[in-house]
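The letters A, B, C, D, E, F, G and H name the chains in turn, as written, and every chain counts its residues from 1.
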Amino acid sequence: MQSEVMFAGFGGQGILLSAKILAHAAMEEGREVAWVPSYGPEMRGGTAYCTVVVSDRLIGSPIIRNPMHLVAMNRPSLEKFAAQVKPGGVILVNSSLIDINSGRSDVDELRVPVNDIAVKLGSVRSANIVALAAFVARSKIVAIDTLRACVETEFSKKKKLIPLNMAAVEEGCKAAA
Amino acid sequence: MSKVLMKGNEAIGEAAIRAGCLNYFAYPITPQSEVAEYLSRRLPEMGGVFLQGESEVAVSYMIFGAAAAGERVFTTSSSPGISLMSEAISYMVGAQCPAVLVNIMRGGPGLGGILPSQADYLQATKGIGHGDCRLLVLAPAGVQEAVEMVMMAFPLAEKYRNPVMILGDGLIGQMMEPVEFPDHLKTAPSNKNDWAVNGMETRKSDRRNLIRSLYLDPEELNEHNLILKAKYDRMKKEEVRFEVYNTDGDYGVLIVSYGTMSRVCRTAIDQLKERGIEVGMIRPQTVFPFPETAVEEAAAKKSCRVVASIEMSMGQMVEDVERAVKGKRPVQWYGKCGGDVPTPEEVMTFVTSLAA
Amino acid sequence: MTYIHVIDKDRCKGCGLCVTVCPKNVLEISDQVNTKGYFPALRARPEDCIYCAMCCTMCPDVAITISEEAEAPTGSK
Amino acid sequence: MGKTFQKPLALSDQVTHYCPGCTHGVIHRLVAEVIDELGIQRRTVGIAPVGCAVLMYNYFTFDFLEAAHGRAPAQATGMKRVRPDLVVFTYQGDGDLASIGMGEIVHAANRGEKITVIFVNNAVYGMTGGQMAPTTMPNQRTTTSPFGRRVEEVGMPIKMAELLAALQTPAYIARQTVIKPKFINKAKKSIKKAFEYQLAGQCFSFVEVVSTCPTNWGLTPVEAVRWAEETMLPYYQLGEFKTPE
Amino acid sequence: MSKVLMKGNEAIGEAAIRAGCLNYFAYPITPQSEVAEYLSRRLPEMGGVFLQGESEVAVSYMIFGAAAAGERVFTTSSSPGISLMSEAISYMVGAQCPAVLVNIMRGGPGLGGILPSQADYLQATKGIGHGDCRLLVLAPAGVQEAVEMVMMAFPLAEKYRNPVMILGDGLIGQMMEPVEFPDHLKTAPSNKNDWAVNGMETRKSDRRNLIRSLYLDPEELNEHNLILKAKYDRMKKEEVRFEVYNTDGDYGVLIVSYGTMSRVCRTAIDQLKERGIEVGMIRPQTVFPFPETAVEEAAAKKSCRVVASIEMSMGQMVEDVERAVKGKRPVQWYGKCGGDVPTPEEVMTFVTSLAA
Amino acid sequence: MGKTFQKPLALSDQVTHYCPGCTHGVIHRLVAEVIDELGIQRRTVGIAPVGCAVLMYNYFTFDFLEAAHGRAPAQATGMKRVRPDLVVFTYQGDGDLASIGMGEIVHAANRGEKITVIFVNNAVYGMTGGQMAPTTMPNQRTTTSPFGRRVEEVGMPIKMAELLAALQTPAYIARQTVIKPKFINKAKKSIKKAFEYQLAGQCFSFVEVVSTCPTNWGLTPVEAVRWAEETMLPYYQLGEFKTPE
Amino acid sequence: MQSEVMFAGFGGQGILLSAKILAHAAMEEGREVAWVPSYGPEMRGGTAYCTVVVSDRLIGSPIIRNPMHLVAMNRPSLEKFAAQVKPGGVILVNSSLIDINSGRSDVDELRVPVNDIAVKLGSVRSANIVALAAFVARSKIVAIDTLRACVETEFSKKKKLIPLNMAAVEEGCKAAA
Amino acid sequence: MTYIHVIDKDRCKGCGLCVTVCPKNVLEISDQVNTKGYFPALRARPEDCIYCAMCCTMCPDVAITISEEAEAPTGSK
């Protein structure tokens, strides 16, 4: 069984980090993983995206045109990638910045105002973790406890950020419920 | 030691350290600059040498100078940077100095692009420098294998007193995968005192050493070239490495593919199997020496009707495949070169067109 | 004679350099994001503008222009 | 006492890919204004570097050649020697010109090639993600000098204008900056002089421009301007270092 | 015009002038410095451009700059110098700029020696630069042919908007033979206004031209590479040149050899004929594109039992011969690499050993 | 008041391949004498250039690395960085160091590499048959400047010592000559200082030596010495241009 | 019919020039020719040599191990090359500098004190022409008149050297008679 | 004390530089060619030699040496 998650958004939205935490969590659960960033021209400004592949067996192609799931942090990325998601997948929409919807009836569209939640938590910079947690809670791609552990290790070098991001995880889960 | 999630470029840097190489000289270039960024923190911590050279030409000669002193040393670059190292590589081969060079290939020719490519295959395996000059070239298909190959590369370079190249594509450098690092290498560069210019005092010897590639006397130069040729021939005997996939049963098509491209092919092969189409694959892990016999034999299998060289280039490895197959089967090429890694779907379309 | 001072809000990247160099403190950064996702500069106090073109000179993106008013005076100042 | 201000014709309408507040944009505009004023747009060929300005040809309306990293002065030499009637200029960053391109710039200057070089010194490699440049300031942190530039290990920042001025061949060599309007006008004068010397077939001309890289300095554009003024200008002094007799 | 006795290097310089190329940039290196010495007198007389660059790297970019302006331009160098031009050559291919490069090969690898060699064959034909980058490569076997090929090279470079290389060995540069110079070329670089950056005024056009090799968008770069590939494929169709010797009758051995080496083989073939041993030869005049079909057919001849690639290298062209022969006949290599040109006697000994 | 004089131990017995009266031989001897006097022969590695001195390793009795043309400073950098305890010096001609090797020497000097560079300036490319060098004098005829060096076309001869002295990193930079005994003794002092600075781990050290090339100058050895004194010395002034504080 | 002549001597003895004049003469007589110098390490000091190949048909290998004839201007070159000359060939020995002989009974050894003759003519620098003329007169490889013409054209840029070298031709012929 | 001044005539390339630097005009170029075909320097007026070693210092080929006389005086001066 293999599934793929595409994270997409503006440069500064922490796309690569949330993708990395998910990949790490899946690895901790003993799965094969690959974290594949989009690098290149679009880096400066524009939309960045990153794909995480999670599988039970050795991963073949790390290049995914049709991911199982999508986490869309801004409108351009929803517009660009919504159509590519496989039927039955989860599309998380950051409704704080996206006023349209995926236009897909064959997927599980989860709308979460992640920026607003993050701002409430004290900093918009935790939006990516809110989104990640919400997505994980809905997709069950990894266990929430594993996610918590990985968020904690991720910020272990910046201890004072841990409370904020742990709170983000909880709020994310709630939002997905 | 347990698994860590690591970016290919950083894992390559860490692998070199575990191979006992604490000397790194490089010049920034996408998509491999993270190696330098990683080592600029790690090496000073470890009392190693990190130096950003002023150019790839200078870097290639810094490597040469460090290697001449008998120390383990390596550099990393990407396509245009490797072209600039061409002269120095030929010199190191001629002077029989071991060193490890990593080429994280990007699209070319010229400035090209910064996305993954395999278009330096012919340069790396046949034309890296002037004169009869060959490198042992290892081609990893993932982060874990990149780590293992880097750690293999140093002892191999010392065994042959010849530079060894790791030929990876941009994706190998940029993606993160779980890696398990082997233990630190115990071996130090062996018998370097026989040849290294590390000072008579270091060697406790009264014989001075000399490292050169100049042989003005034609007979002498011919002798020298025969010695080098003997090393290349030995590599062909002892170092050929490859992996086979789905070749036990019968297959109508044989794919030859390496690096990231071979992983896409593996996925394609699995999906074709589901559709009842059997395709075998040989994945060269050494592209020089090229697994000629393996490819020839696999192609000769009764069920096999056609051989396909699938690469992220406009048709380079296909020349080696043709040589190996010796006309026993038709050889086809499929590829793309620009940074877009072909998808399993694209590969399947091509292969089915052949199977048809 | 009068001038027309125009900030092309979709060229503007909101770097704020013009704001710092304006001798009359005319400019401010808007809170309306533009199509590129930047918060552009705007003329908060146009009436103070002396059309010295300091902002134009400083702008790395040629987002500000000043032209002379045409015969028939038109809107924006 | 008002002024009008319009985009020069030598500049295209395209919005640049530069980061907000990056002064590459100001330097582009000055070059374009000078080319407009001298009316040489139809016989000018620009040579774009490999660096953040690699796409600069999209922002100008005349002929452009994309260089290889550091080699623009050699390409300009080849072009100007076979077509002396063309106006040829290079535009190069500090990694490009002062690191990999050192040999080419010193020799082009020493041969007295009748070309114009615009040298953008932003103390860092921008394009590739903020690595150390030969012009990086002492103790400045970059992605390849994470503990700050250690001068005892890698030496002092190179003052290119002073270095080229030390050659014996007559030349026009100046350093300016574009971090504030008052400097910008001076910078434009130098750039204009540089092109005029080429048009007169008189000498090699070189203008170093102290510029900002907010992104890789990790500063806001406004902070970046302050950092450049307080840290770079005292070391990289402005002015004309050499004029041909 | 009557015959003159001229040194290869000087004849090459004169030939370029007659091809309408008055622009030359170079850096000294044995065994081809006489080209520069000759042109440093001739070109100023003719109002042309002679410039000694500061290095081969700089020279290769001076050529690029001059070619970009749409002017005919060329350079000459020898093996190590060519390696240093590797990056620029890839750039010129990518930017589609025509230019002519002459490589008067010397022994390698590294500093090697200064005597004749053919050990840059693989570099010139397959690995001259990073990315999918090919040159049209002409290999003269004498001074007269060198002259003709130089004069051919400029129009070919312009036809394909791709650099063309003359691949000669040290002897071709150093020896004197009678030459008859063809008339001056009438053709000027055609339709250069479509692409050259020679100033809008020059073109009387309001369209600006742009020369680049950067294509950040992968689709675009792939398109670009397909255009380049189409040119290489066209070369393979239209530009293959070769000469046959003693292939009309039956022969037991087929020699493939080029340049100076092929002349030695010709003498050997004549002398073997006297002894009743029939040997045929194919002499590639273009080594890229390589005369594959011709070699395949000649090898397939009933009487032919074995094919021999005879070259002044440790076995390079033999790879192309093997590909061409497709296993139809065994392929053997004979060569020497150090500066000593094998003698007819040595070739005869080898060939008879095969014939036996 | 007499003196004894013997071949230094660091020199081998081999007769050099240099032309009669070529002062490469004198410079070799001075380097060898200094190495003898400092007793560092067993921990010294010499780096031979590509040039007439390409075979110099035959004339010395310690470790040698043969460089590529112009790249000796980069090779020395690599070697010295990984083995700071070794004494590493390069010996380079003017084509080698001032032409193709410009980038490498400027950067090695600017990084303050703790190496010693002996730079032999004979105003011409010797090895390859007397082509023009960056150091060739104005109007001097060479095989690639048959009408004499035209400064308006190729610029003025490069004064390497002055150029490197213009860098900001502390260094020892001197120019001497060996065309007469009185100069020879001064040259030796400078070479000795240069090695001493390296031994002290203090700085980059560089000694330019004005030398002769009778063969390619088309002069007898005695005439060559006169030409060097009358033509070169007024332009290439002797002395120390920089010493580390 | 093909024959080869090897010229050998010290660096300064004008080997390459006399070989070139012979090649030129043969070319003027409508033959195929190749002038093949030894270039490389031995250049500086040491012995230089140069081979001229003259043939009625296209010349194959320009590399000759066993020349038909030898013109030896100094002792080392006689010692080095005498044995390689084909039987029946001519070996010209510069007896001014060479006190030994070729030791070959199967060749036509012609001993000429070319330096002494040249000195008498006014300059030792014409020794190479004396040797060339003597060799040509004996080997008849080209007609003397052709040789005269070629010597004249060779020096046409240094007119004042013509009388000396024309005299050298005559003296050379005499010496061979 | 006395010295022994020796010119190794087969190392000598006859460049003549020593001749020009000798303050006492002791040296001359011989008319006897050496094994390498050069005309080496010789001590024409040894009695004038003050053993200043100027010639040694100048010689590019280390062809001249001066040593101190051993206990039992030996031949050449």
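As a convention for this text, contacts are C-beta pairs under 8 Å (C-beta built on N, C-alpha and C of every residue); 3 or more make two chains touch, one makes a residue touch a chain.
Please read all numbers here as calculations on a predicted model, not as lab measurements.
Peer 1: Considering D-E alongside E-G, which chain pair is linked by more C-beta pairs in contact?
Peer 2: When the contacts at E-G and D-E are counted, D-E has more.
Peer 1: Considering only mean CA positions as chain centres, point out the chain farthest from chain E.
Peer 2: Most distant chain from chain E: C.
Peer 1: If you average the CA atoms of chain B and of chain C, how many Å lie between those two points?
Peer 2: Taking the average C-alpha coordinate of chain B and of chain C, the gap between them is 55 Å.
Peer 1: Once you find the CA centre of chain F and the CA centre of chain H, what distance in Å lies between them?
Peer 2: 27
Peer 1: From the C-alpha centre of chain D to that of chain F, how far is it in Å?
Peer 2: Once rounded, the distance between the two centres reads 34 Å.
Peer 1: Quick one: chain C and chain H, Cα centre-to-centre, how many Å?
Peer 2: Measuring from centre to centre gives 87 Å for this pair.
Peer 1: Among all residues of chain D, which ones touch two or more of the remaining chains?
Peer 2: Residues 19, 54, 66, 68, 99-100, 102-103, 107, 134, 154 of chain D each touch two or more of the other chains.
Peer 1: Touching at least two other chains at once: which residues of chain G meet that condition?
Peer 2: In chain G, 40-41, 45 touch at least two other chains.
Peer 1: Residues touching two or more other chains, restricted to chain H: which are they?
Peer 2: 36
Peer 1: Which chain E residues qualify as touching chain G in the complex?
Peer 2: Going by the criterion above, the answer is residues 3, 5, 30-31, 113-115, 170-171, 174-178, 260, 263-264, 266-268, 270, 339, 341, 343-345.
Peer 1: Taking the complex as given, what residues does chain F use to touch chain E?
Peer 2: Within the complex, chain F touches chain E at residues 50, 54, 66, 68-70, 95, 99-100, 102, 125, 128-129, 131-132, 134, 143-147, 154.
Peer 1: With touch defined as at the start, can you tell me which chain A residues reach chain B in the complex?
Peer 2: Per the stated touch rule, the residues are 20, 23-24, 27, 32-37, 39-41, 59-63, 65.
Peer 1: Note which residues of chain B are touching chain E in the complex, please.
Peer 2: It comes out as residues 57, 79-80, 82-84, 86-87, 90-95, 105, 107-115, 117, 119-120, 122-133, 212-226, 228-229, 232, 313-316, 319, 322-323, 326-328, 336-340.
Peer 1: Using the touch definition up top, name the residues of chain D that touch chain F in the complex.
Peer 2: For this pair, the touching residues of chain D are 99-103, 106-107, 110-112, 134, 151-159, 162-163, 165-169.
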